[in-house]
Amino acid sequence: MIIRPHLHWFRMLLAWRGSVLPRLLPRLFLIFCISIIAVAAHDHLLPVSLNLNTTAPFSLIGIALAVFLGFRNNASYDRWWEARKLWGQLLNESRSLTREVLTLPSRPLPKEDTQEFFAALSALPHALRHQLRKSDPTEDLTARLPQALFNRVIVSRYKPATLMLYLGEWVQRQARAGAIDPMAVIAFDRNLNGLSDVIGGCERIASTPLPFAYSVMIHRTVYFFCASLPFGLVDSIGIFTPVFAVFVAYTFMAHEAIASQIEEPFGTDDNDLALNAISATIEDATRDLLGEASLPMPKPQPEDYALD
Amino acid sequence: MIIRPHLHWFRMLLAWRGSVLPRLLPRLFLIFCISIIAVAAHDHLLPVSLNLNTTAPFSLIGIALAVFLGFRNNASYDRWWEARKLWGQLLNESRSLTREVLTLPSRPLPKEDTQEFFAALSALPHALRHQLRKSDPTEDLTARLPQALFNRVIVSRYKPATLMLYLGEWVQRQARAGAIDPMAVIAFDRNLNGLSDVIGGCERIASTPLPFAYSVMIHRTVYFFCASLPFGLVDSIGIFTPVFAVFVAYTFMAHEAIASQIEEPFGTDDNDLALNAISATIEDATRDLLGEASLPMPKPQPEDYALD
Amino acid sequence: MIIRPHLHWFRMLLAWRGSVLPRLLPRLFLIFCISIIAVAAHDHLLPVSLNLNTTAPFSLIGIALAVFLGFRNNASYDRWWEARKLWGQLLNESRSLTREVLTLPSRPLPKEDTQEFFAALSALPHALRHQLRKSDPTEDLTARLPQALFNRVIVSRYKPATLMLYLGEWVQRQARAGAIDPMAVIAFDRNLNGLSDVIGGCERIASTPLPFAYSVMIHRTVYFFCASLPFGLVDSIGIFTPVFAVFVAYTFMAHEAIASQIEEPFGTDDNDLALNAISATIEDATRDLLGEASLPMPKPQPEDYALD
Amino acid sequence: MIIRPHLHWFRMLLAWRGSVLPRLLPRLFLIFCISIIAVAAHDHLLPVSLNLNTTAPFSLIGIALAVFLGFRNNASYDRWWEARKLWGQLLNESRSLTREVLTLPSRPLPKEDTQEFFAALSALPHALRHQLRKSDPTEDLTARLPQALFNRVIVSRYKPATLMLYLGEWVQRQARAGAIDPMAVIAFDRNLNGLSDVIGGCERIASTPLPFAYSVMIHRTVYFFCASLPFGLVDSIGIFTPVFAVFVAYTFMAHEAIASQIEEPFGTDDNDLALNAISATIEDATRDLLGEASLPMPKPQPEDYALD
Amino acid sequence: MIIRPHLHWFRMLLAWRGSVLPRLLPRLFLIFCISIIAVAAHDHLLPVSLNLNTTAPFSLIGIALAVFLGFRNNASYDRWWEARKLWGQLLNESRSLTREVLTLPSRPLPKEDTQEFFAALSALPHALRHQLRKSDPTEDLTARLPQALFNRVIVSRYKPATLMLYLGEWVQRQARAGAIDPMAVIAFDRNLNGLSDVIGGCERIASTPLPFAYSVMIHRTVYFFCASLPFGLVDSIGIFTPVFAVFVAYTFMAHEAIASQIEEPFGTDDNDLALNAISATIEDATRDLLGEASLPMPKPQPEDYALD
């Protein structure tokens, strides 16, 4: 995710880092070349005429395309924002569970008991992040989990769910020891269900892309439209065709490119969610409630404005 | 559902499998032929002139149609995504119920008791899938349910609901035996209500299509528009008419075709939900929490990129 | 509601039953006549010229109208779908209550007691349907309720709410008799609140139409637009004007007509919800959980594709 | 709110009462005059030419404006419908609380106790309505509340919240008297939280208008557009300009006017919510559950189709 | 936030305070100058011709841009409204917790105990506001919190969460002292979870802007479009170009500017949420339930129509 200080309206026009412009440059150059060909063909510099004489059909298809692209954007953004909400709920549930461990037991718990709970709780966002990004969780889990729990989690196929089960077992242990009364067990159960919803929700988004036919069709329409546009513009705007065609192509291609990035919000593209930073925040927020200092390792800082 | 590795922007233009293009080819060829006729009529190759001289009315109707089609898409996609969310909730509830069986009882349950519960729970997604797809559940249910329960379920008219009732009876049995306290019964009840919502939600989507008049009207407008468009384009873009008319027709027809596929998300079209794969994942996730190995039968793998 | 088997794309173009076309024919014929007049006036067959020379203002108003109509459609469809969801929730709550009656009591209840409960529960969807459609519930209630309860319900002004209260009283009776513990009372209470939300939600949709000024304004704009369109088209497309004007009028009028039908989802128009069929399904689903056969009276079957 | 019987499509074109047309007439007349000036200037009846020669820029701005206006409408309608849902929830919570008072106590309550509760409950919608409309609640509260409670409520700054607190105190009194067990207290608590959400939700909508800059900007754009449109139309449609300009102005101005009315749903404009009628319905529904007759004062009836 | 009395439609056209017009004036002046250049170049006053001869490509890009801008607006407004809802929920939860403290304990609590609770509760909105606006909470917290709690909160990194934990500890203290039974603890727990959701929701919105690439791309498209528009208009509308170009630029730039303001709803721009006023209202509403007078310091009043 790109975090930039609020930019002056003029400087924003020139922003480079974090925009999709760098990635699109080669394609835009291609459109530029096609425009040059269109101008040349129109001015009889080329032996063939490819002139379409009219912008009207392009208006029709361009505006229709904008409507369809608007829908695609909306759906992609909804996925991205739902993913962010799920990670926000993960923070909320972590805080609520922390509060419950600190305040619901009917008698003070031994420190090693609560430490076990918070170890598993603080490992959960990291386990979920590694699952969603298909990366290796060993390092993060080793650093946080006691050996026995680590051994159990590392061989499970759905590591965050296993941690969630462990939290439930911890509650059961305290309940059987008489430290947590049956009502409080239900309160824990409610928040563990919440964790379950978060984990399952993220897995759902990660495993179910937008219908493929949809993405393909929009993609094709955008590129065919942009590639043929110069031939429609050249008769009315002549040598301004390259500027205009590249501008329109930028608008449509950039929309499609951003939608395609944020559609998979758990990746590591510039516009994906900064799961590293969010996991660190969740852990830090839990430690703050426990009165502990910030993590020894620094919180991720934006590098060149980018958080990952 | 089509699961494809992330494609390079250029290769995506050429994607065949999973796009609706193959299915639309005959209709697009029809539009192509109509365009040829329009060109021929315009160039006085045919004795009649069908020339409309103007693209303007087509812009009007085309853009209005894009707006209406945009709404249809939105509604269809919402059904598809709600269906996916319901199946995601089925996973969440299964995990929560699993955790509750393992951690809420006040004393360890005999293994055969928990096995009965998990048998019914793991059969539930399969029963629901077969009900939604109107396919025969005998094989999947035989493999998972004890004989007595199978006999009861197979004659019921709403099999997933019967399984859900059985889970409730199991909880009652344990409660009467004193293994589950009244508070924990309530926790189970909450998640069984959740299952009830999932089952009922899927039945609702499956039994209530979009208003028929709506689908018919959009369908008619799209095809009439595409079939008459060549006559509107031919005066301004001449021999480019076939290319353009087919392109516009592809955009509109593909939108309509995809919307009509995902509107019934429980079918087995390419863009429908991969209920087989999701059921297997739910079962696998439950088994993982129980510390059991993956299913002996392999998880469904995409064939030619398609999961069903 | 119209339930049709999946139609081939070509046969769908010709669908008659369930489309709004039959109802619109007279109005479309009017537009056709206006178009003839426009053509005649333009071709100097009439002594006056009504020619507008241009399609441009019609594009402007037509596309703006499509956007506004899109909003109206969206709002109407949301009402329709929310109504369907409420009836789906009614099924879910009925199933959950059935499960709770069968599994939550701490000791088996006498059969006549549970029969009383299920009588009231199965009468509820019928009572709600008759209230929403302002039809006479006597027959359906007599067939399902014991005489005393029938007498009480039939004089109440909000019959479904009275049935819901009766269900609460039944729970209280069992609780005072010691058959249902206080925790289980809470579980029932939660689902009775759910019933209350369903009943109130349906009443809200039925009693609050879209703002009237909105419907009137859209209606006027659509008809004025359609009636004046031929004069704008005639100069550019000449004798094709009648075809085109009728086509555009069909698109806009049909949208408006469908939106106006589904806006009141509890009516008995073709595109309204099939409350008869849904009530029967809810009752059937409850009977299935009780292990009872389907209703003696057959479930409503589509007649000429229509369920009501 | 305007409640009209379902109108024939033709009579709906002429509807006067409840449409915003009467209010817009002076402004539309202004547009008519501007159009006359535009025609006169174009026909050289005026010494200056104000002719813009083209409709194209107006199409651009008009369609863009339709999109923005569509968004404004959507946001306003969402506020209106959310407000209606909150009042619907008020009915639901009132019914649920009534059911709970009648069925949750472990022993029959003295009639004067329940009467106190229902007095406060039936006064609540009236207190909320008067707060939202900034009107004087004295009369409605005097008629429903016992003197002591009235004295307390009338001096409080947030009257509905004070009534809600009183309901909580009533529950506490019964609980301390042993008539309501701790579990049932929680059930009441849940519904009192629901009341709290309703009250707070209404206060939120009433105190937070749409961002002012937004409303101003849309308003300006609509009126500037409508006022300049005649000069853009006159060259292409000549003497039809006044008809068309007034028609387009009606469409855009009416949209803006309706959006601006329903944006504040608690006012007393024609299209605002009929809070009087809804409050009466809530009270009537509660009385019906108690087996009491309808209110002696008649339920508000539409006058000239309008409920307030 | 700008709170203005309902304005007459004509006076609204001239509103200055609270509109984004003042801020945009320099940029609009720039567009005006560009328009002058375009007119001059077209009229051969300049040695070069920059004339594009046609509005068509601008219609295409302008309408597409309106669709994209509409999406951006929608997303920004959703953030703003969700933020407002979260603060509304903060009021609701505060009221519910107040009611619970006053009515759930099984015996009257000593006044100093409840005062501790309400001190923390009334400090919470202020702590949240200062966190979201990154301002210094010392003054507001000192005025409300007892010294010990202040010392603890001021060093914590997430102050509202620490206050929420303190409320949980208070409940635990009362529960261990026997004043609050286990059921009531659960009721408190539910509302404390609600507080947790509010705090986390606000932090989520504050820490996650819209995808940066999105904002940049829309921004660039708007400004490039507005800057080149005069060259497209000048051929058709001549000397009216400056008026029209500035008008269109105002519409698009103002949309973009407002969207960019409300996207960060916790700032202190004119259109951001009036967190000062809302915090004061929350505190005042709590005091009202306690029967206390309004705060000695006056509630924030709009200055020049602006609340902050």
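Labels A, B, C, D and E are assigned to the chains in the order they are written; within every chain, residues are numbered from 1.
In the analysis below, a contact is a pair of C-beta atoms (placed from the backbone, for glycine too) under 8 Å apart; a residue touches a chain by one contact, two chains touch by 3 or more.
This structure is a prediction, so every number in the text was calculated from the model and none was measured.
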> In how few steps can one go from chain C to chain D if every step must land on a touching chain?
Replying inline: 1
> Same or different: do the copies chain D and chain E touch each other through matching residue numbers, with over half of them shared?
Replying inline: different
> When the centre of a chain is set as the mean of its C-alpha atoms, what distance in Å lies between chain A and chain E?
Replying inline: 23
> If you average the CA atoms of chain B and of chain D, how far apart do the two points sit, in angstrom?
Replying inline: 38
>> Using the touch definition from the top, which residues of chain D touch two or more other chains?
In response: 56, 59, 63, 65, 67, 70, 74, 182-183, 186
> If you look only at chain D, which of its residues touch chain C in the complex?
Replying inline: 1-4, 9, 12-13, 15, 18-20, 55-56, 58-59, 62-63, 65-67, 69-70, 73-74, 77, 80-81, 84-85, 87-89, 91-92, 95-96, 98-100, 102-104, 106, 181-184, 186-187, 190-191, 233, 236-237, 240, 244, 247-248, 250-252, 254-255, 258, 261-262, 270-271, 273, 281, 284-285, 288-289, 291, 294, 305
> How about chain A: which of its residues touch chain B in the complex?
Replying inline: 27, 52-54, 56-57, 59-61, 63-65, 67-68, 70-71, 74-75, 156-158, 161-162, 164-165, 168-169, 171-172, 175-176, 182-183, 185-186, 189, 192-193, 196-197, 199-201, 203-204, 207-209, 211-217, 219-221, 223-224, 228
